[in-house]
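Next come the structures, one after another.
Next come two complexes built around subunit A: one with subunit B, the other with subunit C.
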Partner chain A sequence: MKAIAARRHHRLAPVVLLLLALLVTGALYAVLAPSAQSAPAPTEDDVVAGEALFQANCATCHGPNAEGREGAPSLIGVGAAAVDFQVSTGRMPMQMNGPQAAAKPPQFEEEEIAQLAAYVASLGPGPAIPSDEQVDPALGDAANGMALFRTNCAMCHGAIGKGGALSEGKYAPDLSGSTPTEIYEAMLTGPQSMPVFNDANLTPEEKRDIIAYLDVQQAGSPGGTDLGSVGPVAEGLWVWVVGIGLLISLSVWIGAKSS
Partner chain B sequence: MSTRATTAERAAGGTADYLDQRTGIGLAVKNFARKIFPDHWSFLLGEIALYSFVVLLISGVFLTMFFVPSMGLIEYEGPLASMDGVEMSEAFASTLHLSFEVTGGLLMRQIHHWAALLFMASIVTHMMRVFFTGAFRKPREINWLVGFVLMILGLGAGFTGYSLPDDVLSGNGLRITDGVVKSIPIIGSYMSYFIFGGEFPGEHIIPRLFTMHILLIPGLILALIGLHLFLVVVHKHTHFPGPGRTDRNVVGFPLFPVYVAKAGGFFFVVFGILALMGGTMTINPVWNYGPYDPSPVSAGAQPDWYMLFLEGSLRLMPGPGWEWVIGGYTLPMNVLIPAVVIPGLLFTMLALYPFVEAFATGDKREHHVLDRPRNAPVRTASGVAILTAFFILILAGSNDLIATHFDLSINDITRIFRVLVIALPILAFWVTKRICLGLQRKDRDLVLHGHESGRIVRLAHGEYLEVHTPLDEYERWTLVQHEPRRPLELEPAEDERGVRRKGYRRDAIRARVSRFFYEDRVEPVTPAELAAAHSHGEHDALEGGAGGQEQIEASQAHDTQPAAGGAVAGRSARGHDARDR
Partner chain C sequence: MSADKPTTDLTTSSTSTSSVEHHGDHVPERFENPGLPPHVHRMGDTDPAAAKRSERQVVALFTLSIIGTIGFVVAYFAVPPGETVASMRLSNLLLGIGLFLAMFGIGVAAVHWAKTLMSDHERVEARHPQKSDPETRAGAIAALSEGAADSGIQRRSLLKGAVVSAVALAPLTIAVPLVGEVGGDWNVSKFRHTLWERGRRLTRDPSGTPIKPAEVTRGSVYHVIPDGLREADHWIEEKAKAVVLMVRIDPDQLTEADDRKDWSYEGIVAYSKICTHVGCPVALYEQQTHHLLCPCHQSTFDMADGAKVVFGPASRPLPQLPITVDDEGYLIAQDDFNEPIGPSYWERLK
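This part shows the complex of A and B:
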């Protein structure tokens, strides 16, 4: 101890300290960082099966080695999360060309999706599928999620994630049918027009807060039917249909001669 | 029994007498009780507006008890998970408190907001009725203007109230207002600082809007409603054309007891429907939008429906190239045109229409019998054109929702609406005018030839005919009662001595406007035309024989009548039997 104390003014001390600090930070990060492996680690068989599925279903557009083509991006380095999001929501394989790939019933079994994800993940390092704990809305703070959501998400997805229009026929989809895992993966990988919200941008905890905020919305509106939660236009439509509609029918009844 | 009834009667009589001797109310009650109101469902539209205003006052008083009009920041603590611990203004916090902790608070808030939307919707519908039936003609031009100002005040009341909860959505609306105010040349930025008490959003706007919303605007509305109704009493109600209805009488039922029951009951109907809507349909869920913060704007940010035309106008306006910089000062035409010029034009047209039409007709007489819309084609077409313009702007304000709900490109929608907002009102004008003229021709045809009866008859010489049933005189009256309106004749510029006539220029303009209004017209059937039609339409006038057996009237007894066109007049058709069967 004394020896260290004596050398604390040594001119190399800052360098040593800096190296030590970097080492500790790196070690801590390696231990604490969100683990890439949540689901049981994919086996070599999965990768092989995934490659076969890929060749049969995806290679036409994305190329035989997933290197991408005109209009279809390279999948090297997109990670398992992107594959899981795109395929489990049915966006991929794409049904037809259009402004953007629409969600539809998934075309593959869960196991096949995992195999595809394993194959694509084996092509290059990329974001992994989040663990159940990472996406558990019960562990998130809905109020913080509200603040984050309206700063980062609401300009496209609307105030409570009911969706909104983008340019040239593209759109931000309604989030009310999305699972927490899908929401997390979307933030992580930025599918289609959506920007990537990496962990420096929104930390994993903040992502979970957003999931918690969206989960609160599933409870529905305290004020009755939510009229689609699309804002005053729907309210205006209904006041004409229900309010004026009913009252005019009743006016006709009242105004009719009582003979 | 009888003694008790007598006591009650004596008490009532005594009270009435007491009041009458001190206020002279007996005369007023007597006159009011005998006031005649004509029966028609469209005369109840204004009542919907009146009753929703009463509901607004009642629910508004309740809300005032709990709302805190302050922009002071506090940390919210309450039952709403997504807002717990969030810093917000007292206005927003008290709105949440009112919605989630005060018993019946959310119901009252929702009733209040639905009533506001209904108030504006019923004002617009009422205005449409008045416009399309020509109820704004002399002597009611002033009352049209009073109603117009009431509509503008309704917009003001709606806008100020909508902004009170200090949520993100209404804050966005205030920011747009700020932008519009700032776009006004020279005084714009001063006005903005004046309104917000400094840089937007400042700390003053909510208390200021509150004063406007609960004191100034409702006070003005109340006063003008008083004037509006007073003028209705003074002018007496209009009535639709019909036998026995003239510009000198009112045909209907007395206020007491018939209309007291109908109108009083209708108030509860309106209140009931508003309560139903407030109880079952979410409106303005401010907890979704969150407390105001100038940075976020969410997708689907729109104002309430009555301001949507303004939003649409702004959304349609192309941006680049419309910001003119003159001598270092920016003139933002991309805001001025859509937010000030276009609404200004549309509203001015609406307000001044009665005066334009009066100028075109040169008619100074009083009118109490309403027009059937088809009988005033240019008026009806103008109204439809103005409504079409507003409707396109409203759709343009909802372009993002149209894009998402109908899988369209928002850019395409906007481009199409840019064309439609100009083209469709013109097309709507032309189509409506043609439809009106067509309907008038149909009326003429009906009067001249009667209803098709579906009975086909073969004449002795082999000709097949369909028997037409002539109209009874009640039905005919409605179709022929209106007076033909023709373009005013322009008197020559110089009198017989060659001296230039005074007022010629004004007359020339008047003649041109009048030609635009009345050049294309279908005139109502005159008695002479009717007589002529019946005479040469002899074959239609088949007498229904007993037992349904048709007997062909072969006799062609020609008694000549002084009919128009010198047509050979025959026996007039009667045929009332065919109709009564």
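This part shows the complex of A and C:
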């Protein structure tokens, strides 16, 4: 100890101390940091199996090392959440080029999706797949979710999440068929035209509130049919074509002579 | 009178117009009044079985209305709206069907009754000339002239001025409060400025929490309101003017005018969310193209290039909010927007 104490005024002492502090902080963080992943942690086998799947199905566009190419983004650092969202909703592998990749029946089994996600997550740190508790609508506050949805989501997805049009053939999809996990992952990763809503913008609790609000909408409209809830266009079409059409035919019937 | 003309006259007149000859049609100079078509009896007028059938149909329609009314009353008591959305929907649906049948049955039955069973005598009511006879007209003019002469309005010009002024001014008692109430506040200049001022923090909408630059990651979009908005007078009007959309753009994709180089912070740019076309909130941000789309009329602004209009009817870019950070590292405004927000009306005041 005396030898160390004697060198405490050495000009390299601050550097050594700083390195030690960094090491301790890093080690403590690795031990204590909460993990968002609830599913069993992916094993090395999953990563290997995922890489094989990736090379066979994804590398054509995203490159053999997932580094991306012209028109296909790099997947390094997108995290397991992005892979889980894109592949489990069938958006990836993409069927054809178009304004945007449409959802379709998933092309992989759940286990394969988990392996792909493990492989992509191993390429660089990124958002993890949320736990069941993080996306449980029963734990969220639907009223707060409505305020947040109105500010951040409703302009594209519509007042109750039935979707809407964007520019040049792109569109915001209908959310009524999306699972809570998919909604959470979409907010976290910002697929395609959708912006990212990171945990600083919408906290995990606020994301869950939004999921709770969308879950309440599944019960439907108390007033009867909602005409698709896509706004004034559908309602106007009904009024002008069906409503006024019925009124005109009734007027014709009233005015016609009886045979 | 011309209707009395013999048809031979009509043929000679038609030869003088070449266009008629060209088409080979025989167009008379004036059509004769065809009169009423022969009266056709309805089936029910001649066939008692048909009349009986119509009667049964009318009775059935009235019965439908009675069933609707009974159904409405039964549904009102038996299926009240409960706590769940499904029970409210069922209650509304049953009440609606009952109300529809009750009203529609009566209406259709009445019309059907009138059309098939009530008398169908056709009556012609000739249209009389509306002009009064000359004596009545002359009498009215005489009475008016006599009244005007009697009042002395031609001689007493002061009286004439007084009555015209009084009658002309009286409607102001209605017009002034009406215009005042409808307009509310005619102080237009307050739209020139918003709550934003030097040092005011940018906060999240609706929570009102301040934002650090590091939290605005690539691809994120922040819907921003000024700090302390809720404490402002008429905060909801102030919010309507001050809402901001904030994004981070990669430095190599960001184009900035020379005089606005220091308005962004590390690639974070903030623009008014009020469309310059007619003032809709423009907030459909497509993060891949950096385009911001207005849902009302599809005006599209390029957030990476000064929010310039790239499509649609808007005629000027969105006003930019110059931003920086304060001592605690939170994003703040440098000043108000560079120009008044909202529709391009302001261009004309320059």
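What we mean here is this: the second predicted complex is superposed on the first by the 224 of 259 C-alpha atoms of A that agree within 3 Å, B and C clash if a C-alpha of one lies under 4 Å from a C-alpha of the other, contacts with A are read in each partner's own complex, and residues count from 1 in each chain.
One rule holds in what follows: contacts are C-beta pairs under 8 Å (C-beta built on N, C-alpha and C of every residue); 3 or more make two chains touch, one makes a residue touch a chain.
Keep in mind the model is a prediction, meaning the values are calculated, not measured.
Peer 1: After aligning the two structures on subunit A, examine subunit B and subunit C and state clash or fit.
Peer 2: clash
Peer 1: A:I76 contacts which: subunit B (first), subunit C (second), both, neither?
Peer 2: A:I76 contacts neither subunit B nor subunit C.
Peer 1: Thinking of the overlay built on chain A, is A:M146 touched by subunit B (first), by subunit C (second), by both, or by neither?
Peer 2: first
Peer 1: According to the stated criteria, A:M155 is in contact with first (subunit B), second (subunit C), both, or neither; which is it?
Peer 2: Both partners.
Peer 1: Does subunit B (first) or subunit C (second) touch A:I244, or do both, or does neither?
Peer 2: first
Peer 1: Return first, second, both or neither, reflecting whether A:G164 touches subunit B, subunit C, both chains, or no partner chain.
Peer 2: The answer is both, since A:G164 touches subunit B and subunit C.
Peer 1: Tell me which partner A:N201 touches in the superposition: subunit B (first), subunit C (second), both or neither.
Peer 2: second
Peer 1: Answer with first, second, both or neither: which of subunit B and subunit C does A:E235 touch in the superposed model?
Peer 2: first
Peer 1: For A:G190, decide between first (touching subunit B), second (touching subunit C), both and neither.
Peer 2: Touch partner of A:G190: subunit C, not subunit B.
Peer 1: Applying the touch criterion given at the start, work out whether A:S221 contacts subunit B, subunit C, both or neither, answering first, second, both or neither.
Peer 2: A:S221 sits against subunit B and subunit C alike.
Peer 1: Please tell me which partner, subunit B or subunit C, touches more residues of subunit A.
Peer 2: B
Peer 1: Residue by residue on subunit A, keep only those touching subunit B in one complex and subunit C in the other, then list them.
Peer 2: 147, 151, 155-156, 164, 166-167, 172, 221-224, 253-254, 257.
Peer 1: Along subunit C, where are the residues that touch subunit A in the complex?
Peer 2: 40, 42-44, 81, 84-86, 88-89, 92-93, 96, 111, 115-116, 120, 204-206, 211-212, 215-223, 247, 281, 283-289, 291, 293, 295, 298, 300, 311
Peer 1: Which residues of subunit A touch subunit C in the complex?
Peer 2: These residues of subunit A touch subunit C: 147-148, 151-152, 155-156, 164, 166-167, 170, 172, 190, 192-198, 200-201, 219-224, 253-254, 257-259.
Peer 1: Quick check: in the complex, which residue numbers of subunit A touch subunit B?
Peer 2: 99, 142-143, 145-147, 150-151, 154-160, 162-169, 171-172, 213, 216-217, 221-227, 229-240, 242-244, 246-248, 250-257
Peer 1: Using the touch definition from the top, list the residues of subunit B that touch subunit A in their complex.
Peer 2: So the residues of subunit B touching subunit A come out as 39-45, 48, 81-86, 99-100, 106, 110, 113-114, 117-118, 121-122, 125, 168-169, 262, 265-266, 269-270, 273-274, 277, 279-285, 287-290, 293, 295-306, 308, 397-401, 403-404, 407-412.
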